[in-house]
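Take a look at the structures listed below.
First chain A sits with chain B, and in the next complex the same chain sits with chain C.
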Partner chain A sequence: MKRCLQVLAGIGLGLILTTNLYAREMVQIKGSDTLINLVQRLSEVYMEENPGKFIAITGGGSGTGIAGLINGKCDIANASRLMKSKEIKQANSRKITPKRIVIAMDGLSVIVNDRNPISKLTKDELGRIFRGEVTNWKEIGGEDMSITLYGRQSNSGTFVFFKEAILKADYSQKMNRMNGNAQIVEAVKQDVSGIGYVGVGYVKKVTGLTVVKVASASGKKYISPLDAEDVKSGKYPITRPLNQYLNGIPKGAISHFIAFELSEKGQRIVEEEGFFPIPSEYSDFNNKNLGM
Partner chain B sequence: MKMNKFKEKIIHSLFFFNGLLVVLILLGIFALLVFTALPGFEEIKVTEFLFKSHWNPTSYVKPAYGIVSMLVSTLMVTFGALLIAIPLGIGTAAYLTDLASPRVREIAKPIIEILAGIPSVVIGFLGILLVGPFIARLFGLHNGLNAINGSVLLAIMALPTIISLSEDALKSVPKSYTQASLALGATKWQTLVKIKIPAACSGILAACMLGMGRAIGETMTVLMATGCAPAMPKSFLGSVRTMTSTIAIELGEVPYNTTHYYALFGVGLVLFVITFIVNMISDIILHRHERKTR
Partner chain C sequence: MKTKFLILMVGMLLTVTFNAIHSFAGEVEILVNKLVDKGILNPVEAQIIMDETKQTVANELAQGKLVSVPGWVQKMTFKGDLRLRYQWNKKEAKVERHRGRYRFRLGAKANVVDKVKVGFGFCSGGTDPRSTNQTMRNTFETPDLRLDYAYMQWSPKAWLDFYGGKSKRKAIIRQNSDLLWDSDINIEGSAFVINKSCGMKTDLLLSFGSLILDESSSDISDPVMYFSQAGIIWKIGNSFSLKPAIAFYDAYNVKGDSLDHSEETNSLDSNDCLIYDYNVVNPELDLAVKTSCSNVPYFALFGGYASNLDPDEDNEGYLYGLKFGDKKVKKKGQWQFKYTYRQLEKDAWLDTFSDSDFYGGKTGVNGSEVILQYALAKNVILGFDYYCSEKINAPVVTEEILQVDLLLKF
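Up next, the complex of A and B:
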């Protein structure tokens, strides 16, 4: 009987503690599939250093994360694209003021199978390929082989970013819509005729792929997204910041975690995960948005 | 005695309400779909929605809301799946009822039931890692993200339903039929094809229809394994994008109460109507058959 009571008391105490934990220190993060591994790693190290803090991360794509922030379903939205003005208006109408910070830089990498001799392309060629205007590799100096396109689904920030930065029109209707960066990597590894685009953090340790060098126009220098300096300086033509959106200037646990992400240690983890640390102009931008 | 009657009444009404609840839920779902889909048609023409093949609500230029290519995709994978699953399923059921020794049956039955319990994501994985590359090699393609892949996977998922229900149907054929047939000198094969299967026809048909329902509504597997390119499918060797995967992909990020949102409910409504018709037809056939055999 006594034992039974002890157990019950223990369970009760545990419940109180966990509910408190949830009420006080739980930070909900949602969104970009490109950012999920990086932020997961950041949060793991952070939680190890700060016992009692708890961070929950889910994916679903930038669109899903931003929708979550607007609907009040998460504290931080990971986004590999910028919020659209329509979305900001929606957020404002629900009394949410999105604040953007940049936590890492990404050289959006175009990948082909390593049995494909193509190793460099211009921005213009990329646009023509993904718009479906070029359908055979021989038209751009490759082998006589039809091109298979691999892209993301419309809830992905990378899908939107690539469309707006490179295509400036709709994707080919024939593009396969894959369910995440990892699936594109897997598909292009198996498909000799494939071409796809993923965050640079997904290609560094993978074999069987060629990371295509990209030039901003024909006659310009071809640059690889694996070159840290060129991505940081923005010389790589498809450089993009990876963002987090918050509701207003953060306080408490959220602000503490963000400070960790932007710290030297946090930025070292960014590099370990294959992305690039933020340049100083973005640090200033972050400080402004964080009210520092 | 009075108490007993009272109890009877309570139980009677309880079951009545249970039955009623199912009907209400069904009507509720239907009403929700209709009322959420309707506002979309202020902006989308019904003829565009039903007869155009171009679907691109987040277009850079001009949103398009035609569902034909999705509809064709769904029908392609479903019929592909049935083409594989029905012969295999009925064959397995016939083997289990007629030929298998009790031991084999004891082992095989639970295994088939386990097959029904495999989550669709896992089947999708199988499609990406195993079935896809195999199909690609078989047909000399660059990749295996196509309608055949989806069909094979959906067939795997529909098989347990078809096998178990067909087996039940075959088992319920009166023993006297079989014995009479065998006594007249028919072989086992003739008995099966000419007597047992026709006698169990209604049950088998119901099994196939239920299997079809499973295949039409399946989402995750086709989402992962068919490539999901929105273009109008040209052959079974090309990528397809079903109605279910379109809803699953787009509903997560769509802003509430926009035309795109309503249009997705419209797609759901079409899907609902299709499954409704499928079930209705199977029901009518079942009843007709019952009357005939009586």
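Up next, the complex of A and C:
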């Protein structure tokens, strides 16, 4: 009898907890590996301040997040690239109306091993390196050693952004395609001949790497992605906005969380996580897209 | 306000540029960058305009309001060349020949899926795998365009490639000369290629595979060739590099068979079938020096040896040479001089594969070759190639060839 009561009590407790969970408003977020740590932190602080709310976050890359939004598997897609026409077409066919907002700025950072004397490159040199046209560091003033390329997989928004902004063509077939930013950082730390690209949030506190200064063209000033002002003002040549895609103008819990991300407190967290707050131009852009 | 005006301008431009999306996006980028340079826009405004433009184009495409170059075209890269040649031949006891010749090649490479590519190319010439030349003759006859290569390349790792189909031979079997392989030959079969950096400025090269030489509907013992090659590229300091390599070729089921396109200078029986196997060991060595002399920035010595293990005599070949000038002749003003001497005995190697310009691709020959190349402009190369070769055994007959080439790459 005592055992029977214990089982019934357990079932009752379970029911109460489950009901309570469903009563909480849940927002599903999916996508960019670059954004995952930042949005995770934003959601933790948000949930602490809003006990009734629940945010669930998964990665998988920008492509996965956008596919999730189109398929109704998530409410917000984290994306470090813009949506493609094919994705917009799929979204339209499923009555999804993608709305883009920008939650942070990233200085996409090119990294080399700290034993490599190379510390600055032009956009053109970067393009030639990652297209596989330059294969030895000595060709661009470095030591006589083969260049080992580390980049992302094709479902990554960073992969697409870097390709469109820098390569304007296909990546070298020889590029090692890594799962995430952290894997690229580790690989380049261990490989004196390596070069990779990662979100700035992944390099600020890391040792064993040189964050390469980049110039938009030969003869122009070399700029570091670690310089907050140059990234925020867009002077750093590989500055990019970090986006979230929503289905239409958000309401309820989604709208509440977005407002937190874009608030002063949210933008302070953006900085704490190594990225940069959005400039006023993007605040206006967000207000327009959110119908504010 | 000015941002809105510019977005409006961009939108208007979009509506009149239906068929040129990519060039349009490039033009907008140039325009926007100019406005940033002049201080009319700040970089953030420029970025917003570019992103809005891209997103508008993507929206228009999604709604079918714009047409784009098909995706399969965007995934392809093309390259080709045209070579115009004057050729003079003189062989003892034969009349001199003066020929106008040309070679045209067009190739493409397409991404199929991640890490898988397909390459294919077309060329002028006849069925002979050792020549893509077309001689000007027969009253403006329309020549053939043939399949030069068609292969798949799968790269599961950055250092590992698998090739299948009719592949470019030079990507799989690397040679420092054409002692064994005519430069026009592309091989059929499958192969793995490993190219891995081992640190200490050393790259390891390995390749192995099987090549299909022929197929008979009435005989299961089809001739094939198994091959393996190992080599390293060792950089010594900033100026020297050393490339030792060794290859082994096992031509299987060729004994007792006759191969197409043979020059019939290998040992044959009364039925014109080969009487030996061709199990050939082929070591090679290159030594290259980057000099401090700006007029002659590059100097290299190279050589190779081949020995067929089956016959006891007439089974060896060798080649040695030097080259200097620029390492590659591509840009205007670059040049290179090259000299080689070679001897290829009767049964050292199959006379189906050796350089067709060197005594017609026959074995049992020796002689010299001198090449001078000069780039008149980027991708426009003037070349002189002179061969003086003769048969090793009596009666010794000498052949001379001079080729003057104008090569245009695109």
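Here is the rule we use: the second predicted complex is superposed on the first by the 269 of 292 C-alpha atoms of A that agree within 3 Å, B and C clash if a C-alpha of one lies under 4 Å from a C-alpha of the other, contacts with A are read in each partner's own complex, and residues count from 1 in each chain.
In the analysis below, contacts are C-beta pairs under 8 Å (C-beta built on N, C-alpha and C of every residue); 3 or more make two chains touch, one makes a residue touch a chain.
Source: prediction; values computed, not measured.
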Practice task
Report clash or fit for the pair chain B and chain C bound to chain A in the combined superposed model.
Solution key: clash
Exercise for the section: Could you look at A:279 and tell me whether it touches chain B, chain C, both or neither (first, second, both, neither)? Expected result: second
Practice task
With the two complexes superposed on chain A, say which partner A:179 touches: chain B (first), chain C (second), both, or neither.
Solution key: first
Practice task
Could you tell me if A:266 is touching chain B, chain C, both of them or neither one (first, second, both, neither)?
Solution key: neither
Exercise for the section: Go through the superposed model and pick first if A:67 touches only chain B, second if only chain C, both, or neither. Expected result: first
Exercise for the section: Could you look at A:167 and tell me whether it touches chain B, chain C, both or neither (first, second, both, neither)? Expected result: first
Exercise for the section: For A:107, decide between first (touching chain B), second (touching chain C), both and neither. Expected result: neither
Practice task
Applying the touch criterion given at the start, work out whether A:194 contacts chain B, chain C, both or neither, answering first, second, both or neither.
Solution key: first
Practice task
Pick one for A:127: touches chain B only (first), chain C only (second), both, or neither.
Solution key: neither
Exercise for the section: Would you sort A:250 into first (chain B), second (chain C), both or neither based on which partner it touches? Expected result: neither
Fill in the blank from the handout: Of the stretches 74-82, 272-280 or 362-370 listed for chain C, the one clashing with chain B is residues 74-82
Practice task
Go through chain A and flag every residue that touches chain B in one model and chain C in the other.
Solution key: 86, 145-146, 148-149, 153-154, 169-170, 173-177, 193
Problem - chain A - residues contacting chain C, complex - result: 82-86, 88-89, 92, 100, 138, 144-146, 148-149, 153-154, 169-170, 173-177, 193, 232-235, 239-241, 279, 281-282, 285
Completion exercise
Listed in rising order, chain B residues that touch chain A in their complex are 54, 56, 58-61, 128, 132-133, 136, 142-143, 145, 223-224, 227-232, 239, 241, 249-250, 252-253, 255
Practice task
State the interface residues of chain C toward chain A in the complex, per the touch definition above.
Solution key: 3, 42-48, 51, 54-55, 57-63, 68, 77, 111, 114-115, 117, 153, 155, 158-159, 197, 201, 203, 235, 237-238
Fill in the blank from the handout: chain A contacts chain B in the complex at 60-61, 63-64, 66-67, 86-87, 90, 145-146, 148-149, 153-155, 163-164, 167-170, 172-179, 183, 186-187, 190-194
